[in-house]
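The following pair of complexes shares a single chain, chain A, combined with chain B in the former and chain C in the latter.
Take a look at the complex of A and B:
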């Protein structure tokens, strides 16, 4: 959910862009991270752990913890908490540990 | 291979202050910042800082961050590489980094490591559920991107970060179910705690989380009270209906590069973990490698800025810059650090630094 009014901060968002999560069309803003855009759309489950298949969400948001690894435009293990959103991006949950083609 | 006089690793409050201080004495400086924008965690702080005017007291964190960034940007001797992560420091002094998909090599004469700290985790069942965040993540979402993490939050930890982030959540319109703290006292400043209590949010000391629960993300949390021996008191359990659990349970210095560079390390609980042994000039046991800020012991942004300045002055001086003014600037910075650490909150740090430097009673 996006903050519309804040007593101290003003949020300057970039251009609105369209991207895809599991094939579903979503809107976000240029300049924000993929994680931010997914969160704003109410998506908290970003994948499942490779062995125990437990749900994984955003945890550190600064590229430290690797809880948010996803497949972006076909490339696995992208830390979506630091990867910026770009128009037309295809974001998918990752199965297993991912491998480079 | 990029050659530079001083390489600063980390563009937070310590790193930016180090870069400006060294450049002001005449040294050429390169700052490596892994994020897309320098400023570190300061850019997420909406509260006003304490301390004295020299450390920007009265200004809000993000305003201080912008000031430090401006000072660096307008200094022709400072270059900042954003989206660039340091990877290693080698025996021959070469530092490697990844920047925008490229493998970069840098040959500096001196290195200042200002990598900061990362958040600690605590153990409880289902602590890996989506909806459980580090306090820094909540600040990033909320204060950088303007997105709230959920509707109702349980905050774990009543240190300054737990208190400040709770207040920031309230400013963003999020309800705080409560703040719990395992120790019998509130760790943070009472001025922050009072603001939260006045707004009707309970701060429960001697309380801990038993478990989080939920199918695919957090649906609630069970908490309980602890006795004087930190053991759960039967019958004191409470069930909280929350969709977010925020962890503000402390920070650990991000010292991987120091370990890898073979700096001699020491475990000092007062400084929040393993930290590099360093002298009064903040130089580690690896000659020419300095540290500043949380990486040398978890403290606050105010002291990180002064440590950064001190490391920058010392590194530049060792290269022959500022022969006249550097010793005076160095003494001033050391005096500011002592002043910042003079209060009760600073005593822990002073004790930690004594242990680190193997000093008896000398002031630091």
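Take a look at the complex of A and C:
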């Protein structure tokens, strides 16, 4: 789902690009955040809370809350709400605190 | 006080409140602008000459209550959504309050919505009598609410439906999965600062370092001890203040 109409904001999108979520090919627009592209593709569960393992979605969307940490191109703990989408990116759900390789 | 709570005080409001007599005469703008910031779209918007040009752009707007006809152009032009139109001449018992609104869905005429005061507390359910679009250039909607005369100077916001907070379900600290109920229980037990609650519950020790929960816990403490949020003792702030990669310290990137 994308917002196409808003009382105040206007939307200028970049070129359409392909990226991967858990190996699944998805389309997004270059320059938007990874979170925006995932939401547009209907993916709203970005991870799980550490203790009670409840699904976690987008919360602050400005890089504050760390609700959206995911593994991007093999690197864990990426705040996907502020990280811009690039062609061919591999985005994966993070388990626990993430693992450095 | 406004700086600490975000809510104007009674004294602040009194400085911009028209007399009962003026309110009864018909629609008038209430400019609830209390901070000297460089901003003047309201002076440009007013075609009646009621909002006088500012000598210094940091000045607060001054309204000529006799010239203001309550047209509402300034209301939708104020970037701070700080201007309201009150029409106490609507009927003997009811008044119209016009409120700027910038969300979808926009309420419909005849719909009942929840009116809020300046602090965001619910004041009751009121009917929408008119909805005005701000047009292409401006976009801010103006929602007309029918409210009792006694609330004409109180209703300043609206919400489409009432919300009831469930302490056991409401998460305050997202990183450590701590609910409002748990925080409230700790406060009742006597934990009286954010730091104490942090040490007891780990709220604020996750990846976001309290950026989400810190002020929410402060609010709960303020409510419990009946003090302004600004007076709640803050925890110690230490570097780093934002996430930094280990590689940055190691000099690798």
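As a convention for this text, the second predicted complex is superposed on the first by the 94 of 101 C-alpha atoms of A that agree within 3 Å, B and C clash if a C-alpha of one lies under 4 Å from a C-alpha of the other, contacts with A are read in each partner's own complex, and residues count from 1 in each chain.
The criterion applied here is as follows: contacts are C-beta pairs under 8 Å (C-beta built on N, C-alpha and C of every residue); 3 or more make two chains touch, one makes a residue touch a chain.
Note that this is a predicted model, so its numbers are computed, not measured.
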Which superposed partner A:77 touches (first chain B, second chain C, both, neither): second
A:40 touches, of chain B and chain C: first, second, both or neither? first
Which superposed partner A:57 touches (first chain B, second chain C, both, neither): first
Which superposed partner A:6 touches (first chain B, second chain C, both, neither): both
Larger contact residue set on chain A - chain B or chain C: B
Which superposed partner A:99 touches (first chain B, second chain C, both, neither): neither
Set intersection of chain A contacts, chain C complex versus chain B complex: 5-8, 49, 54, 56, 59-60, 63-65, 67
Of chain A, residues touching chain B in the complex: 1-3, 5-9, 11, 13, 32-33, 36, 39-40, 44-46, 49, 54-65, 67, 81-82, 84
In the complex with chain A, residue positions of chain B that touch it: 34-36, 46, 60, 62, 118-119, 128-134, 136-137, 140-149, 171-173, 216-217
For the chain C and chain A complex, residues of the former touching the latter: 102-104, 106, 134, 139-141, 174-177, 206-208, 211-212, 242-243
Complex contacts: residues of chain A adjacent to chain C: 5-8, 49-52, 54, 56, 59-60, 63-67, 69, 77, 79
